[in-house]
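Chain IDs A, B, C, D and E follow the sequence of writing; residue 1 opens each chain.
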Amino acid sequence: MTRLLELRRVNAGYGEFKVLHDVSLYVDKGEIVAVVGPNGAGKTTLLRTIMGYTTLYSGSVVFKSVDISGKRVHERVALGLTMVPEGRGIFPNLTVEENLLAGAYLERDKSKVRERLELVYSIFPRLKERRGQLAGSLSGGEAQMLALGRGLMTSPMLLLVDEMSLGLAPKVVLALFDLVVKLNKEYGLTMLVVEQHVKNALEISSRGYVLENGRVVLEGDGRSLLSNEMLKKAYLIY
Amino acid sequence: MSVGGVLIAILQQVMDGVFLGLFYAIVASGLALIFGVMDIINFAHGDLVMISAYFVWLISTYLNIDPLLSMLLVLPVLFVLGLAIQKGLINPVLGKEPLIQIAVTVGLGFVLQNIALGYFKAEPRGYPNPVFSEGLSIGPFVIYESKVLSAAISVLVLFLLDQFLSRTKLGLAMRAVTDDRSSAMLMGINVGRVYMLTFAIGMVLVGIASGLWMEMGQVWPYLGTSFSLVSWVAVALAGLGSIRGLVVSAVIIGIAESMGSLISPSVKMAVVYLIFFFILWFKPRGFFAKR
Amino acid sequence: MSGPEVILRVENVTKRFGGVVALNDVTLSVGRGEIVGLIGPNGSGKTTLFNCITGVYKPDRGRVFFMGRDITGLQPHEVAKLGIARTWQKVRPFRNLTVLEAVTTGALLRTDSVEEARKTAVEVLELIGLPREEWGRLGSEITLMEHKLVDLARALATGPQLLLLDEIAAGLRPHEQERLAEVIKKVWSDRGLTIVVVEHVMRFVMSLSKRVVVLHEGRVIAEGPPEEVASNPRVIEAYLGIKPV
Amino acid sequence: MLTRSTLLSIALFQAALLAVGFLVSGNNYYMLLLTQVALFASFVAAWNIIGGLTGQLDLASSAYMALGGIVTSLLWMRLGLPPVVGVWAGGAVAAGLAVLIGIPTFRFGVREVWYALMTASLVVILNNLFRYFMGPWDFYLPNKWGWLYLRPRTYFELFIIVDVVLLAVILVNIYITGSKIGYYLRNIKEDELVSEAIGVDTRLYKLIALAIYSFITGAAGFLQVVIYSSFSYRLFDAGLAISIAIMGIIGGLGSISGAIAAAVVFRALGEYLRSTLGGVFPGLDLLLYGVALIVVGILKPEGLAGLFNQLRRWWRK
Amino acid sequence: MYKEWVGFMASKPSRTPLIIAIVVIVAIVAAALGYYIYTSKPGPTPSPSPTPTKVKIEKVVIGVVQPLTGPYAIFGREAVDAARLVVDIINNELGGVRSLGGAKLDIVVEDAGTSPESARLAAEKLISQYHVPIIYGAYISRFTMAMGTVTEQNKVILVTDALVDDLANQGWMYFFRVAPRASAHGVSAVDFVMDMAKKYNVTIRTAVIINEDSVFGTTVSNGAHLQLVKYGVEVSSHITYPYDITDMSPIIDQIKRLNPDIIIAVPYFSDGVLFAKTAKAAGLNPKFIAGAGACGFTDPDSIKAAGDAVLYYTNTYSYNPAKPTEWNKKLVSEFMRRYGKMPTEAAGEVFYSFFTIYEALEKAGQMFPDDPLNPDHLRQAFLSLDLNESNSIAAQLYPTGRIKFAPNGENLYAGTAVLQVQLINGTLTPVVVWPQPQEGVQPVFPRPGS
């Protein structure tokens, strides 16, 4: 397997406020990797660091064997990396469809854009119903679907998803996990997800990291983490 | 005056108002674009028009060509100037408190005014014989060439702008950036570049407006103050980012101003702004506001 | 409705947004002291219902009664004063207030003394279990999920009779949810609150509420004790997908 | 203890101001300048209530100032009401108008830029209306002097009056900040919808802030008339209103010490530049003033208050 | 700071009033003390350069306050240029003030800024810092009014180039104005038109007056209005507008509908050009368009901007640049040599006002050799002047050729010239056509083709 992403002893944070301490992790091509941890552990900060939103004090972020530590966010996106942000970050004054089209901003081939649009609509039929509505007036769950859909429109090599199933109805969550597996298998989409459904997430992941207070305290493949007693207790995996 | 006379008077004033409004629309368009996309409260807009009008005047008198022609020569200069201003002044205050932006842009306004004052002196400067300086008398009505021209160019440019924003990818990117800057980056949108382009295009619109102005009037260092607030009011009435709305609201302002002139030209702006008050009370986010 | 006194009654409420009918003739009652779960697929109108109750939206049709009083169309602050507090699904972060200040502001609804309000705020924060070192932090320095807890604290500080919680547990880890559920139960019993919980996390809803109302496309499609609702085929079909664990 | 330190700083500030007053009391130029600076600082400090605390971009300061000043003057000239009494009426009229306009404005939820533009337009509207009804003329205050008319014979006494006003505005600011109103106002600044939901009558509190600010501004407006010795419709000056708001922001929103510092520094700087450079390189003074605004805006967007905090932190280290 | 106060308010509420009271008391006591000290020391009457007897006066410093920034800067800057020129001529060619032992003149320039407030500060500064005995300025009447209270209190002579009538009615003792007051401009414009109408047999029944709405514009136009009424001409409309107007067409269309015989216009600058251009486009063509105090019609720069739109427009002028006296020719050519343009009114007013000051200083030196710069002595010197073209340079520069002050400081022989824009050798040139046309020039009346 080829290494897609690697973080080497990363220290990062906001201004003077350091959040991540010596975090190292990697994602191989074709993997689904889960990051779990309590509130305020630094999961969001981790993803934001990979995208280049935070201050990196030391360490490096390597993507496709290129050190991207100095690159700006949109340059990282152009390399095939994108994120579905926490809090969704949809464009409230654009319609649902415009949001999705914005996702395919870098794609020049119009037919490919159409194809992807159809794919997203088939995954989230709800969005198709609401295609002309301003995204700002969507319900919480609809907005989450839109954020995910828009992430897929970018067609990245590696997709980072923060709080993937946040606010989605149970039925949709179940479908979503199936979908992730499907996208991973059929389209070879590699993902790094932050997820509160720890069990489901670890079940579909090849590997997982546990983050606490800005440090990686545990890592391993999905199955072994699932059976880790400490984790079981701390995260109430049933 | 007879009833017919009154009717003619009103019709003429409305006509004047429509033309004036369409001119205001083009003056405000740059502001609308910059505010709509970058959410920058630019109080130096009028002063940018002023500086640009000086450029037009310089070229016109130097080459002895019509302001509309020199305007074409000025546009590239303004484009570059726009890039520079964006990079140096606007970028650092993006997303900051609105009043910080006001402070910086008011500062910019002061700088521009006084550079103009120092360099061009205080005398108004105008091009004496523009091509479109005649008027047409049709029955009791007067139609001014320069106004018809500026209205036509304004409508055309605004139409193109509207199409550009709603139809093109860059337009979509601009609107996306307005909505959520950091998410836009996640689409691979080079936000910095979009901003620079926006400001530069805004400056081109400013250039067009100044060219049309120099076809009719003169420029002096404080010309900007005549345009700043009224442009803002047009943009606010229209509602954010709505170009079509801008045309409508600018025409309303133009008519209000022209009718206000009938009461007394000294208080015409009071009429304009009173109408602005009432409209905002009932449409707090402007006519065509999406938010 | 028989049984306990009805504290909240929503009667035939309809709310449209353009072509979208977000609420379609919804009628429901909440008894004093109840914890009611309100569930339903995404976009089924739960948040809209909260907005109609708290005065953020005015229903197109129908009435809302609180403690026997018609509160339809009141301003949100009037509703709050009467004793309905809420939390927000879309986190509305504050940036330049500290956590303590934010919660204190909530408590000022029932008193004019800042000092007293601060005491209330401290109590509530302790109850919720937000660590003390977080209290002095500015809103811009805490995480999105922490905002939700502060939101809850602020709502509680207003001294409500009825508390409307919109996906308060979303984004929390399971054990944090568990703890939150404990807190809510404690507040509920301590203060004799009535609570309506909107949540997609079934464990959370089920563990809290004795009665669950299910919305689907703006209509109430089921109502009853959790287990009963969870096995209702329509609910499974529309919402749950499979029976929850 | 911190409170005492704040009080101490107010006392120190007062002492320093008065000391400067004595030092320059022999020189009318400096005395007048000092008085103008202190009056300007009072306007900025009053603006802080609506702009800094409540977060409403109010650009109508000069409207209230002019209205209050003109009403007070007219009451004096027409009805013989001495300004010591008249200023209260002036303030009340200013506040009355502010509230009258504030009610629909806040009711319909006009906010942010729209509010800023409405208030900026208000200045122009009043300017035009007064122009229409009182013509372009300047009206001169009667040739009567004395404390009763808030129009002492010497600049020094005038300075004392202005200084008392400034002190009062500072204390009002501080009182509000620490009270329930202050909490509510700051919460409104953060998020109006959330404030509503926790029981804040946002319209009412915004009106309260607006009323206090416009009352103070209106009452102090007469002092502006005293400095001019005359009034005309030109007192409704959009540029002045904007610069008052800008001083508020340059000072650091919500920070009263910053607001006053900004008013003092910029007003004095402006005058210094005018008087040293105005005659040599015309316009250079305003140009530099513009540059200063830009530089402060870009480099120190948290305003002078930010600078103060930094200094304080550095001091403690 | 905020938190500090909360703590303060919350924890020790009872002490608040006490501490506030203490602060207030301290402040008041300090103030009272200061006031006591302040009043008990010898009064700070800033005496204008005390000149002990027999001490030779090296130079006389004249304060110049002019708007150098803001919308009126155009005038102020020209005035300052002119003042420099005149002072150089007096010092170098006339050898300074001879009766003061050849004392040189010097000027200190202060920017009047953009408000009366700053103009007043400027005057205070000149007096406190430089102890000037004479101030010249400040072109804008309101600014001048603000300055006047200061100069009067400090007994400093104020020679003004602001024209509004009211200035002379303030009962000021140390105030002098050589230039023709505003209403005289309006009167002159009407007199000129009616004079021409009689001469060329044109009937004039109706007029429209249009003016920018400043105090100046209003005063001038009121003067014209009254004068028109005197002549029995009907004023169909009197329109005012703000000087920074950007669209004249609603006004022009209105005037067109009224179709008056003549228009008396009192524009500022760019509005004057805008008026002319729009009137031309609209085909507005009354029998005559006369400006009063209308810089925007005849100033070289506005002619450059307006082109032939202002052909045959006239304007009353506080100064007659074409006056065929020796000194006037000299000053005009010196000014053109130094600054590359024709002097306009602002400069002209400086020319004759400064030479009047010069004559007054000479007079003071003769009348009061012991203390010539004493304000009351200076005042008497001014009042004793009676200048005409044969005995003074100043009068050679003045349109009417005579200068003598009334007790209120107003020139008894004030008057204006009228300039008309004519096509001379293919260039648009302002020429003097009234009261006496300059050499080789005839007024064009009525407007050709009307």
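Following the convention adopted for this analysis, a contact is a pair of C-beta atoms (placed from the backbone, for glycine too) under 8 Å apart; a residue touches a chain by one contact, two chains touch by 3 or more.
What you see is a predicted model, and the numbers here were worked out from it, not measured in a lab.
Colleague: From chain A, count the fewest steps through touching chains until chain D is reached.
Modeller: 2
Colleague: When contacts are scored as defined above, which chain pair ends up with more C-beta pairs, C-D or A-C?
Modeller: The comparison resolves to A-C.
Colleague: Just curious, how far off is chain E from chain B if you go by their C-alpha centres, in Å?
Modeller: Whole-Å distance between the two chain centres: 35.
Colleague: With centres defined as the mean C-alpha position, give me the chain B-chain D separation in Å.
Modeller: Chain B and chain D have C-alpha centres separated by 31 Å.
Colleague: What is the distance in Å between the mean C-alpha positions of chain B and chain C?
Modeller: Each chain reduced to its C-alpha mean, chain B and chain C end up 48 Å apart.
Colleague: Using mean CA coordinates as chain centres, what's the gap between chain A and chain E in Å?
Modeller: Result: the chain centres lie 73 Å from each other.
Colleague: Residue numbers in chain D touching 2 or more other chains?
Modeller: 131, 178-179, 282-283, 286
Colleague: What are the residues of chain C that contact at least two other chains?
Modeller: If we look for residues of chain C contacting two or more partner chains, we find 114.
Colleague: Which of the residues in chain C come into contact with chain A in the complex?
Modeller: Answer in residue numbers: 17-18, 20, 40-44, 46-48, 89-91, 141-146, 167, 170-176, 178, 200, 202, 238-242, 244-245.
Colleague: Note which residues of chain D are touching chain B in the complex, please.
Modeller: That would be residues 51, 57, 101, 104-105, 107-114, 116-118, 120-122, 124-125, 127-129, 131-132, 238, 242-243, 245-246, 248-250, 253, 281-284, 286-287, 289-294, 296-298, 301 of chain D.
Colleague: In the complex of these two chains, what residues of chain D are touching chain E?
Modeller: So the residues of chain D touching chain E come out as 2-7, 10-11, 14-15, 18, 21-22, 25-30, 32-33, 36, 131, 135-138, 140, 154, 156-157, 160, 163-164, 167, 171, 174-175, 177-179, 227-230, 232, 234, 237, 239, 254-257, 271, 274-275, 278-280, 282-283, 285-286, 305.
Colleague: Show which residues of chain A lie in contact with chain C when the two form their complex.
Modeller: So the residues of chain A touching chain C come out as 17, 36-40, 44, 86-87, 126, 130, 133, 137-145, 163, 166-175, 196, 198, 234-238.
Colleague: Taking the touch rule as given, give the residues of chain B at its contact with chain E in the complex, in rising order.
Modeller: Spelled out, the residues of chain B in touch with chain E are 5, 8-9, 12-13, 16-17, 19-20, 23, 114, 117, 121-129, 133-135, 137, 140, 142, 144-147, 213, 216-218, 220-223, 225-227, 257-258, 261-262, 264-266, 269.
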